[in-house]
Amino acid sequence: MDWTLILTSVAGLGGLGLIIGIVLAIASVKLAVKVDEREAAVRAVLPGANCGACGFPGCDGYAAAVASGSAALNKCSVGGANVARSIGDIMGQEAGAVEPVVAVLVCRGGKDVAPARFQYKGASDCRHAALLLGGPKACVYGCVGLGHCAKVCPFGAITMGRNGLPVIDERKCTGCGNCIRGCPKGTLLLVPRSKLVILACVSHDKGRAVKDVCRVGCTACNLCVKVCPAQALAMVGNLPVMDFTKCIDCGICIHKCPTKSFIDRAPGRPKAVINPRCTGCQACVKACPFKAIEGEPNKQHKVLADKCIGCGECRKVCPADAIDMVGALGHARKGTEG
Amino acid sequence: MTSTPTRWQYFADGIIKENPVLILMIGLCPTLATSVSARDALGMAAATSFVLIGSNVVVSLIRKVVPGSVRIPIFIIVISTFVTIIDYVLQAYQPALYRVLGVFVPLIVVNCIILGRAEAFAYRHGVFDSLLDALGKSAGYGLVMLVMGSVREILAAGTWFGYAVTPAWFRTAPVLFMIFPPGAFLLIGILKGIVNRLTASKV
Amino acid sequence: MVNSKAWMVVSLVLTCTIAAVALSQVFSITKPIIDGQSADALKASLSEVLPGAAEFNELEPGTAWSGKDAAGNRIGIVFKTSPRGYGGPITVVVGLDTTGRITGLGIGADMKETPGLGLKAREAWFRDQFRGKSESEVALKRDNGTLDAISAATITSRAVTNGVRKGFAQYSHHLKP
Amino acid sequence: MDPAKILMGAFLVNNIILMRFLGVCPFFGVSTTVDTSVGMSAAVLFVMTLATWVSWLLYHVLLLPLGLVFLRTAVFILVIAGLVQFVEMVLKKYVRGLYSALGIYLPLITTNCAILGVTFLNIDYEFSLLQSTLFAVGTSLGFALAIILFAAIRERLEDSPISPSFKGYPIAFVGASLVSLAFLGFTSLFGISL
């Protein structure tokens, strides 16, 4: 037992351990970072996807802003209402209602209907492809289809469909907006979940120029603006811009559009049915934009189910309240409650 | 993890499902550097296993009394004690193997597997579980080292554990590339690709 | 108690002390064995490069010895240099007979060349090339000499040859009786 | 060894990651984006230089004279661990951005083989304090060069069409193999055999 060696090594290593222990102890006191415990609590509630939808650099940034009181409590669209409510509880204030939003693809120009004008062999990413003459697709406005949105979606809500267009799983989509910011063409839109009818085209061309590059592109024919009962559409830059507050999602524009450029997010639509109270005044026949009602004057009228799109115009004008909207419940339109 | 992993899983995971090198991607430095021949690779794996088992056991023994803020330096001292022990034991009793492993024996102390397991597992589990985990990880590590060492030795020197296993003409012009660092990177890349293919998980 | 500042320092010092005690024990046990090994390894390596030498006495501590055969008359000297190789210093031991020709070359075991590559310097074919060469003939083919280097380990080969030449310059004055 | 050779040797000829296989774990972990690589390289440069000074002084002042050479491993790694923990606290207090960017990788710098490896090489090469500092700076510049170069490649790999099972780490390894092959070309540049 070589005591001198043991003692010197104990002194050496032990001494060093002592010094480091003391330095760390002092440092942990002096350098302690004063963390507001409310910030930690808020941070714990946030989903932690660091998606930036709230406009702050990740959840840490948002939590710090909320704790310091410089941010609204309901900015976390990903977390939605319950996160907003729990932040409200932590901060002791009432969090405003959060309008859940969802991302929607506003371009239907898949490979089948919108051909490419050259073969693109570069990096398989939309942002790279868009740099090359606006991308390989004949329609330069449309979705390039190389899956950048699918890559940046932190929730895996977007997968690329067979025809080269992204498919958005609305159950997984939290409306964080990463895909909207990432898309070089702006063919993705954040819309409130309650909004059902949306124009699915972003081409600013007109008529033949659109027809040449895409079979389902909006040719700015102005028909939808004319037929819209609520005057919710206005033609701006060869595209019908929809005023979400006025639009009643009736769906008339969807069926009137010659190139089927609108999409309907409602899984199903109700149908109009005329009950015996009908006096045969034929007000509904004139009102129906799709000629879906027939019958002799002063007699019980009948709705042709295949033609009726459930827009509810007839119901509005019927003096005898003889028309009901039946089927696809839960998708009643504003003003046309069945 | 729905059901708490059974004891057996602590061990079995280490070999394939949570193989330290190919799945957890830690402990790459010594794997690439000393897997030039099967014998050296196994020597390194054995030394690393000794340290891993020892440190996992000791760390789980003292985990309740270790203050959170200095846990890393304390773990480090425990690990470096075991490393110095194996370092001098090898020098004394296995000088040939020690000469071959060279600077990589003391570098076991910074082998990410050991501190990684100490921090991630041993600090949170009992002694017996930690021992099983260490054995599992060592077996997994040994397996990868054996594969890497064998492939590189056979390609670069035409021998396996020193015995000629390739035709003479091959040994006159072996694939020297595998001895150099690029060969090691390439080999582990291919191995990782195969593992991905098998587990069909995209890392 | 577990997270108080004092315990933080104490636990660190305690672990260090235990480690220090354990390591010093291991060291004191293995040290003699290691020294023993290198002592008789040294004697073995010296006689290996100067065949026929029975005992050696030190000319310069740790770097040069003169060798006597069983009958007691000088048959040459041995010197040790440690040129810097690829991975670190390489101990090179060279035996010279009285005429200044190399009688043998040994390479130390503790070098840290790349395993499986630089370590090939210890193979007999490489070391035997030096036998019988005088100072001027010690050079690699690449440096217009006669010795061929280890394939893919030119750094190590060149380090050894440079070491030998440096040794000649420093120690050959011992040859003149 | 003159200073320029030590610096060039550590920086290019024997790159710490690609040729000596030290520091490979952070090399693959952090190099997904260029800016985290830059952050990591800065941290490595800082910690490696500091660790070299402290370890060199400890070795030549404390260990060698007292004959405690066998404590080398324990002392060096203890010092580095303490140093990294200290750096972590300072970063957390004053440079919040870098702290959140590096996160997990700060404690892993402690187990970064490159830093401890360099302290050992400094001792094995019997460098003076100045030479050790040069070697450390050269090595961390080599670390930075390798990791930033590789991060740029990996960012490009993200978008290239690779078979699913080779995406991620496998293709990164193959990429590293090619970069290492390129560095192999530097061996014994300017006759440096460091």
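Per-chain numbering from 1; labels A, B, C and D assigned in written order.
Keep in mind that, in the parts below, a residue touches a chain if its C-beta (ideal position, glycine included) is under 8 Å from a C-beta of that chain, and two chains touch if they have at least 3 such contacts.
Bear in mind the structure is a predicted one, so any value in this text is a computation, not a measurement.
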Contact-richer chain pair (by C-beta pairs counted) among B-D and A-D: B-D
Looking at mean CA positions, which chain is nearest the middle of everything shown? D
What chain is the most remote from chain C, judged by the mean position of CA atoms in each chain? A
Averaging over Cα atoms per chain, report the distance between chain B and chain D in Å. 20
Just how far, in Å, is the C-alpha centre of chain D from the one of chain A? 45
Which integer distance in Å separates the CA centroid of chain C from that of chain D? 30
Which whole number of Å gives the spacing of the CA centres of chain A and chain C? 73
If a residue has to touch 2 or more other chains to count, which residues of chain A qualify? 5, 9, 12-13, 16-17, 20-21, 24, 28
So chain C residues touching two or more other chains come to 8, 11-12, 15-16, 19-20, 23-24, 26-27, 88, 112
Which chain B residues sit where two or more other chains touch them? 33, 69-70, 73, 77, 80-81, 84, 88, 103, 180
If each chain is a dot and touching chains are joined, what shape do you get: line, ring, star, complete or other? complete
Per the contact definition, I'd like the list of chain C residues that touch chain D in the complex. 16, 19-20, 23-24, 26-27, 84-86, 88-89, 112, 154-155, 158-159
In their shared complex, chain B is touched by residues of chain C numbered 2-4, 7-8, 11-12, 15-16, 19, 22-23, 26-27, 30-31, 33-34, 37, 87-88, 109-117, 119, 151-152
Residue positions on chain D within touch of chain A in the complex are 58, 62-63, 66-68, 70-71, 74-75, 78-79, 82, 85-86, 89-90, 92-93, 100, 156, 158-161
Which positions of chain C touch chain A when the two form their complex? 5, 8-13, 15-17, 19-21, 23-25, 27-28
Tell me, which parts of chain B touch chain D in their complex? 25-30, 32-33, 70, 72-73, 76-77, 79-81, 83-84, 87-88, 103, 106-107, 109-112, 115-116, 119, 180-186, 188-190, 192-194, 196-197, 200, 202-203
